[in-house]
Amino acid sequence: MVSQVPQIAVKTEAVVKNFGETAVLRGLDLELPAGEVTVLLGTNGAGKSTLLRILAMLTQIDSGSVSIHGSDIAKNGPAIRAMTGSVLHSPMLYADMSVRENLMFFAEMYRLENVDDLIVKTTSQVGIEPRLDHRIRTLSHGFQKRVALARALMHDPQLLLLDEPESGLDSQSVSRLEKIIDNYRSTGRTVVITTHIVEHALELADRAVVLNSGTVGLTSTNPSQDRAEILAANSSESTSGALP
Amino acid sequence: MINKVLNRLDPLLILSAALMGVALYLIFIWVPTETNQGAVQRILYFHVPVAWGSMMGILVVSGSSFMYLWKKNEKWDRLAVASAEVGVVFGGIMLLSGMIWARPVWAVWWTGEAKLTTALILFFIYVAYLMFRAYFPPGAHRQRLAAIIGVTGAIDTPIIYFATNLWSQAHPPLVTGPAADADSTLGSDLGIVLLASTIAFTFLFIFLVQNRYKIRKSEDDLVELKRASSTSVMTGAN
Amino acid sequence: MMGSFAVIWEIGRKDLLLEIRNKDVVVAIAGFALLVLVIFTFAIDLNQSNAKLVGPGVLWAGIAFAGVTGLNRAFALEVEGNTLEALMLAPMSRDLIYLGKALGNFLFIAVAQIIVIPVFAVLFNLVVFRWEMLVISLLTTIGFSAVGTLFAAMSVRVRAREVMLPLLFLPVVIPLLMAAVESTSHIVNGRSWSDISQWLQLAVAFDVTFVVVFAFIFQHILED
C-alpha cells in the first residue's frame, strides 16, 4: 500500500480568487500529499475557508487550476465530490427533518447502499445515535455539527475537508473527532483542517500550512517541532518563505 | 489649440456627428412632407434607425453573453453590458417615438401588434438585465449570472415573436387612424432618407458602445489596482 | 440513468415532505392567487358576458404573480440553512439539482392550482373542468417552474430578491402566459383541441426549450 513517492491528494496552481475589490487568493500554489493530516493556519481573511470551499467545489476560482488526486476539479466534478467529505461552517441540514431523514436523504444523493447499516455505523462514530429521530431544529449547534460530520463520513471519502470542526463541540466530541482523524490518516486517507485550537492541532497534524494574504506564507512538515515559527507566522500579517 | 482639441476627438464621434448632420438635412429639408400622414411621418426617420440600434444592442448582448459563458473572458462581459445600456436607451426612444407617431396615424398610443409587443417585452428583459447587474455584488459570479440573463433573452425572442403573432391574429390591432392604410406618396425618397439616417444611428451606436466599453475597462482596471494596493498596505504595515 | 431519476425524485420528494410539515409555499401561492381572483370580482363589474372575456386573464395573471411569490419562498428555504450547498457537495451532476428543485416547484404550483381553479370556476361561473384545461395547466406549470427555479436561484442572493425575481421571471414567461390565457378562453367558450393546438405547441416548445437550456446552464449559477 505504501509507495515511496507520496501521491498528491490536493494540488493548486496559481489560484486566484477575488470577491469584488477584495483579493482573497493571489496565486496560491499548494501541494498536499495523500495520507497526511494538514492543518491550514492564517489570520482571518487569509483565505483558509475560501480555499476549503474551492476544494469542496462550492466556490469557483477566477484563474489557475486545482486538482484532487490528480484530476482537475473543473472537469471531473462529480467523481471528485464522490471521494470528498466536507464539514464547513454551517451544518447545512434541513431543520424540519429528523437526523435520520437528513442522513437518508443525503445517502440517496450520494447513491449509497445499505443505508440503514451505514447510518448506524457513522452515527455511533460521532455519538449521535440516541437522537436519530429528533428534528434538526430541536438540536444544539454542536449536535448539528456532529450530524454534519456523520454526513461527511457516510460515503467513506478519501479526502476530508474540515473547516473549524471543533467549534460548538464538547471535549468528548473533540476527542472523538481526533480519533476519526487519526483513523483516516492510518488508512492512507487525507485530511485538511482549519482550527482555532492551533497548539493542539500542531500535535495532531503531519503538516502545517500558514496562509498569508492569499498565498502560502510558510509550510512545515514537522509542525510539533516548528511550533515557535508557525505560531509567529500565524499571528503576523505577512511573512514569506519556507522553513529549511 | 484647435489641433489639440481635434486630436482628442474620437474619429468615430466626428464621423457619426457628420453623418447625423447629413441625416438631419435630409430629414428636415431635403425630403418633402408625406401627404397622407403630414409632418408627423418624419418621426419614422428616427424611429426606424433607433429600433435598428436597439435590435443590434440585443444581438450584441446575447452574442457576447454567450461568448462570456464559453470563454470566461472579461472583455465579452464588458461588451455585453455596454451594448445592453445603449440598447436599452435606444429601445426606450424607439418605444416613445413609436407611440408619438402612432397616436395621430393609428389613432391609438399603443396596440397589441406583434412587433410592438415583442419589442416591449424584450425591453423589459434587458432592463431586468441591467437591474440585476446593479443589485448583485460585483465579481465573476455576477458576470456569469448576467450572461445567463443575456442568453435567456435571445432564446426567448423567437418564442415571444411567435406568441405575439398568434395573439395579434386573434386580436386584430386597432389601427383605424386617418392614414393607417394609405400608401406612401414619397416613393424612393423615403428609402434614401431612411438609409442615411440608419447609417448615422449605426455609427452613433458603435461610438456609444465603444465609449461605454472603455469606461467599463477603466472601472475594472481601478478595481484591479485597489486589490493590488490592499496587498501592499498589508505588507507595509509590518 | 435510473439513478438520475431517483436523485431528481428524492429532491422533489424531500421538498414535498418539508412542505407538508411547514405549509409555507402552497398556502402562499394559493392564498395570493385566490385574493387576486376575489379582488377582481370587485374591481370588474362581473356578468355572464364579460366573465368569459376577462376571466382567463385574471386567472393566469393571478397564478403567475402568486407563483413568483411562492418560488421566492421555496428557494429561500433551501438557502437559509445553506442546504443548497450540501446538495452541491453531493457527487451528482448539478443539472439534477435543478431538475429536482424544478420538480418540487412544479408540485407546489400544481397543488395550489387544484385549490385555485375550482374557486375560479365558481367565482366567474365558468366551465373549466375539461381535459384540455388539465393539459394547459400542466404545460404552463412546467414552464413556470422551469424558468422560476433558475431565476429564483439567481435572485436569492440579491439584496432586493422580492423585486428581482418578478422582474426577471414575468417578461420571460409572457409567451407562455399568452398561451395559457388564450387556450383557457377558448375552453370557457366551449371550443376544443383544434382551436388551441397552436397555443399548445407553443407551450410545449417553450417548456422543452427552457427545461433543456436551463438544466444545462444551471451549473454556472451555483458556485460563487
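As written, the chains take the letters A, B and C, and residue 1 is the first residue of each chain.
By our rule, a residue touches a chain if its C-beta (ideal position, glycine included) is under 8 Å from a C-beta of that chain, and two chains touch if they have at least 3 such contacts.
What you are looking at is a predicted structure, and each value in this text was computed from that prediction instead of being measured.
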item: Which of A-C and A-B has more C-beta contact pairs; value: A-C
item: Farthest chain relative to chain C (centres taken as mean CA coordinates); value: A
item: Rounded Å distance, chain B centre to chain C centre (Cα mean); value: 32
item: Interchain centroid distance [CA atoms averaged], chain A/chain B, Å; value: 49
item: Centre-to-centre distance between chain C and chain A (centres being mean Cα positions), rounded to whole Å; value: 39
item: Contacts with 2+ other chains: residues of chain A; value: 60
item: Multi-chain contact residues (two or more partners), chain B; value: 137, 141
item: Of all residues in chain C, the ones touching two or more other chains; value: 223-224
item: Chain A residues touching chain C - in the complex, by the definition given at the top; value: 56-60, 77-79, 81-82, 84, 86, 88, 90-97, 101, 105-106, 108-111, 151, 155
item: In the complex with chain C, residue positions of chain B that touch it; value: 69, 121, 124-125, 127-128, 131-132, 135-137, 141, 144-145, 148-149, 151-153, 155-156, 159-160, 162-164, 166-167, 170
item: Chain A contact footprint on chain B (complex, rising order); value: 137-141, 223, 226-228, 230-231, 234-235, 237-238
item: Contact footprint of chain B on chain A as seen in their complex; value: 18-23, 26, 60, 62, 213-214, 236-238
item: Partner chain A, residues of chain C touching it in the complex; value: 3, 6-7, 10-11, 14, 17-18, 21-22, 81-83, 85-94, 223-224
